[in-house]
């Protein structure tokens, strides 16, 4: 890794850390526009985080250290994943052959600890949310891996930054249909993993219908801030995986690339906002169908790629 | 030397009849068997030679079986001291019959002449008859009648078979005796047709006595009703005698170049026996009858081994040895449980391990030995037979053998494990004889002795044991593939 | 116990030099006369790897057991337990060290037997007896029906029982024989390893065995099945692709079904047993990739697959051992392992909770623990398989990938359920009290936990150890490429360790930051954090009964996989204005047990009963329906009736008839089969003349 | 030569006695028939020896007298005594009717004669009938064993089988040494003696001799 890359990594990292809340407010703004409201100020998420951080937390007497560590481990896992996933520039800091597996399992680690932290309260609502979280997580994982298989086979690599970099741009001419399916699958995975409509509605206050929010019912103060931030970060990471797959940048545009990527992320946020405004939440027992659909899409893509490679 | 083997038991048996006091009778029984054992051990020290055309002589095969019998009898007599009850009608006759059985079996093992062998085998079964009727109950009587009649018919057929062999020797000039030595030497000149007929008749006859399926049906009754020590003698000793009878005839057939043909029949009967045992063990509720069927199974295994030749017959000898030891242990323990729980039924005997730990452990050991689990010897013998079958690439034998043995294992374990494990039932007495510990000690001691011996010989095989087994196996297989016969045949064919 | 510990240490020491460098095979023939075969021991890379596994786990169990057995006071003496454990150790070591078929089988059966006695240790309880029985029968059937014939075929071909002779002999077999051998091995060793559908003994035996024994069963005995399979593969030449795909499918089935059943269990130890099935599936997945690589001639692929399998063998031994010991601590403390009755143990036994969490994280294959390392290697081998297009042009490895991912997710769900319900929240059953965990047990668990962490955080130092073992497995391939392939195994590990280190550092950093922030916030408001009742949407006083139960937690997943599980739910939904006593239960009885084995055994038993009663009296199944035929019986029916009644009576005539019939059949058969038996009168004369001229 | 025809006649008579045994309905008569048959058989070795070599050797004489003493006098005496002491209901009670068993028996005889003269002996026997007759006798004995229910009749059946074997033994008169044959006879005697005792016990235990009722022991 060249000195230049190292130097450039610093501002990129800063941007990466600063970006997520903004995307949240982009989504909020979009939804506000659609419902004809003004919406909160652009920096509202940052204010919220600051407010939460300086609050003194309230703990249930049922909880243990697991309750406190859960959010931290989750955030740490996501931050580690961020060093492997190409976010703005199309290569990653610590990427190595086989890092896709690590990324997937880091997400899983985060989920595990969020769920455990939720169950630590012993409240039936959190238990409910945890159950749904693991259910949907389990079901979205095959779709994610199958999409990875497609990309890996297409680019003959197990390193995210190579699977989605300029290598993929060439593949789009060859295996476009497969990749389109993969993009679809990844979009569904994104919505499910970041608990967005149609899988989950972060805006609702009916605990019985919630997944992600209900798990955080008892978290307060800094823990809650960490959770909120981690959710946003997860959105950014999965979103950039989606974008790098859908719109691989040719290496020709050097520093334009990251800028462009930020715009695309904002656009993705808008898209999610639009989806949330247009569609209604699915019934919970319909959600597995959606995820199964994602799995089907990606498996068809796998078949296409394998047969295509045989031909 | 040879005379001693027969005269010692006879003498002590007469002593039993003569002595008025029960204790002394018992003493003479034990002493007699122990002296016999001593003579046997002595015979291993000294080199024994066989004179030709003598009625008696000790060849490796007979020597092995003789020693096994002697050992089993010694253990059983010690056991019986602990087992027997005071109010015993005609104890003297019983003891005399035990020693008579020993004498006739010794004669059988040493006999070099088919006729003499037949006589002593018949004598053995006649001596065994009163032993089975020991309990003087209706069931015992029925068992006795069935045993007596079936064995007599079988033995008559065996005699017919021996006569057929005699007919087969008629072309041999000058005429020869029916001594095994002569027969094997002259085998290539025997009339094959009559030899075959003789073999089949002898197989059925001795097979009835040995308890091969479908001729086995006297076994469960006799073993179920006879007092357990007697059952041990029958299943460990007398069956060996009948087996020896078959082996003698098989030797002749082998020498005459009919080994393949005879072996096939042996394998068929063996598989049939193991399969029958498998069918009848599963779900059986009388543990002595189950043991009887395992005896049928083990007879089958031995016969299969011999039928496979070469490696198989060594494994078969090994199996015969361990069968004797193992049957001793099983029936000794059966007798102990009979005294402990006063029932033959499996479901009445529970939780032996808690109830009487030593007995439980011994019984468990016996079970493992029966089912052919290492480090007991039957594991090796059955494995050896399996390998022998595979080496001859007789895949059907391999498949049926493993399958049926597996079923027997399942049946035995399913029936017997609950006897050992779990909580014992109420209202059973803690020791069979109240305060008389020495009885318990003698019974369990003799069982433990046999079990330890089986364990030792299973895990570790001293050189002389291996020699004995291999030599015995050699007498079964060597004439078959020795070049001498081929040469002789060629010489016959030339003029 | 000391003996066990010593043996464990010895095996580790013995294994040491072989793992560092692949030195030549060291073999020793002991002058111990067995009735059959030779007492020939040998030590190679593969053996060393399994010795290492045995050593580590057994040592910790040896430290753990005494304290545990003191707690669980049974009627059986502790001395017997110790002796049996030593015997089990000896037989385990014998199995991996044996270089002779007979010796191997001796060790194999001895291991089965000693483990049986250990499983049946608390045999006062009926369920213990049943579990032990199932264990014994299943294992013996596996051995007797499949392993023994396997070795019979091999030794029959080789003409010797030496392992060294088996390889060359196997080289001469034809294709179909090889497939038969492999299938026999798969069935036989698969039974021991607990591959579906031969797995039924694991969920039966593990819950009832004393916990240290369950740990050994699941950590070591099951691995002996894997060892046997690998040993078999070292002898066989590269097999047809079909075999690899078969193994892959079997392992996928056992993996997915295993974890699904685990999800449906209500007893911690039973659940862990099903997870053993799953992990064995993962190991077998690696092996199958290795086989595919071998049959397609890709040494690198083969090496990667086998290496992943071997690594997972050891890792599974570590974390499954840890989990079982921790579950044992729960049992030791509370006296139950029923998930629904437990809860909130993290407050009362925090150390044990931490141990269990480590194990759970590891078994879910989550970084930064050892489970992830091996699963990562297997993943990359599967990806490589897809790239190379082995196994139905890459479809098989792709299937493997997806199902492995599915297994990961389900395992996560499962252990979230266990840990969340057992250790978190409040105690669900007030009467269940928890004693503290004894120190020695803590030490033992700590050892295993540290092992998991070390392997997980420093994979770069761990992976090279597996090289010599792997090279044993791919020896049949061109050595140069093999050398290269072996070298290439641990290369990415160094890369892998970087981000894992980052993760650990980030966690530590965040914790520190969290401290500072809290201090700062407290300084700001001069109020420390408050502790109140769980809010849970403003219930005034949430009780323990209001917690989410394990069944409900798992039910959504179980329901969505009901096509595979066939669970039956008992849902008494609340009804009426004042609903009372409503509850939900989901049970998933084992399909293999219910649909395959019970009918099989039942049928056999019935058949035998019929044969028995028909041939020698007793209650005959056939007689009534013949007798029931009304009206005047015709001749045929009379004959039948007569036959049946004759057979039913134990009468002496029938038995004599058996003899006669047998005899007649034999003679007739001979007379027909052999032409020499009956001569024509023509030849009579010649014989007469011969006889006369012989007569003087 | 005439002795030849005498021998053949004797053999035929033996066979007829078998059939008579199958037909008779009285236990005592069964025993007596057996005794007569044994008498014929005891005479046979002498006849054969006379025909073979004009002089009488020790061997056949010993055999003849041993057999006669045992089978003609002692054993029938034992059996009849058992019959008398236990007031045994004197009917035979066959499982297969008399006529049926007669038919079966004669079928057996025919088959044996048809098959027997096709069998080649290595050395020409003194009489071609020996082989067939012995086979017929053995099989008839077995038939009695299987088809009769009285314990005593089964003993007689066993004795008939022994007689058949004895006839076969005559084929190799010069081979089997005297010792063995006497041993065989002795065994036979002891066997029957013990059988007699057991039969006596059976009667005392069950006060019947009907072996049909001896089926308490069976698989359950």
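As written, the chain order gives the labels A, B, C and D, with residue 1 at the start of each chain.
Going forward, a residue touches a chain if its C-beta (ideal position, glycine included) is under 8 Å from a C-beta of that chain, and two chains touch if they have at least 3 such contacts.
For clarity, every value in this text was computed on a predicted model and none was experimentally measured.
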item	value
Most contacted chain pair (by C-beta pair count)	A-C
From chain C, the most remote chain by mean C-alpha position	D
Distance between chain centroids, defined by C-alpha means - chain A, chain C (Å)	38
Inter-chain centre distance, chain A versus chain D - centres from mean C-alpha coordinates, in Å	101
Centroid distance [mean C-alpha coordinates] between chain B and chain A, Å	78
Distance between chain centroids, defined by C-alpha means - chain B, chain D (Å)	31
For chain D, residues contacting two or more additional chains	120-123, 142, 145, 154, 211, 214-217, 219-220
Sequence positions of chain C contacting 2 or more other chains	612, 616, 650, 652, 656, 694
For chain B, residues that touch 2 or more chains besides their own	145-146, 149, 153, 193, 221, 280, 284
Touching pairs - complete list by chain label	A-C, B-C, B-D, C-D
Contacting residues of chain C [partner chain A, same complex]	343-344, 346-347, 350, 353, 357, 361, 364-367, 372, 375-376, 379-380, 383, 386-387, 389, 393-395, 398, 401-402, 405-406, 408-410, 412-413, 415-417, 419-421, 424-426, 492, 495-496, 498-499, 502-503, 506-507, 510-511, 514, 517-518, 520-522, 524-525, 527-537, 542, 544, 546-548, 552-557, 560
List of chain C residues in touch with chain B within their complex	32-36, 75, 102, 105-106, 109-110, 113, 120, 123-124, 126, 129, 132-133, 136-137, 140-141, 144-145, 148-149, 151-153, 155-156, 159, 161, 604-605, 608-609, 611-612, 616, 650, 652, 655-656, 658-659, 662-663, 666-667, 670, 674, 676-677, 694
Residues of chain A defined as touching chain C within the complex	53-66, 68-69, 72-73, 75-77, 79-80, 83-84, 94, 96-99, 101-102, 104-106, 108-109, 111-112, 115-116, 119-128, 130-132, 134-135, 137-139, 141-142, 144-146, 149, 152-153, 156, 158, 207, 217-218, 221-222, 226, 288, 299, 302, 306, 309-310
Contact footprint of chain C on chain B as seen in their complex	145-146, 149-150, 153-154, 157, 173, 192-193, 196-197, 200-201, 203-204, 208, 214-215, 217-218, 221, 265, 278-280, 282-284, 315, 318, 353-354, 368, 373-375, 377, 379-381, 383-384, 386-387, 389-391, 393, 398-399, 402-403, 405-407, 409-410, 413-414, 417-418, 421-423, 457-463, 466
For the chain D and chain C complex, residues of the former touching the latter	95, 115, 117-124, 142, 145-149, 154, 211-212, 214-220
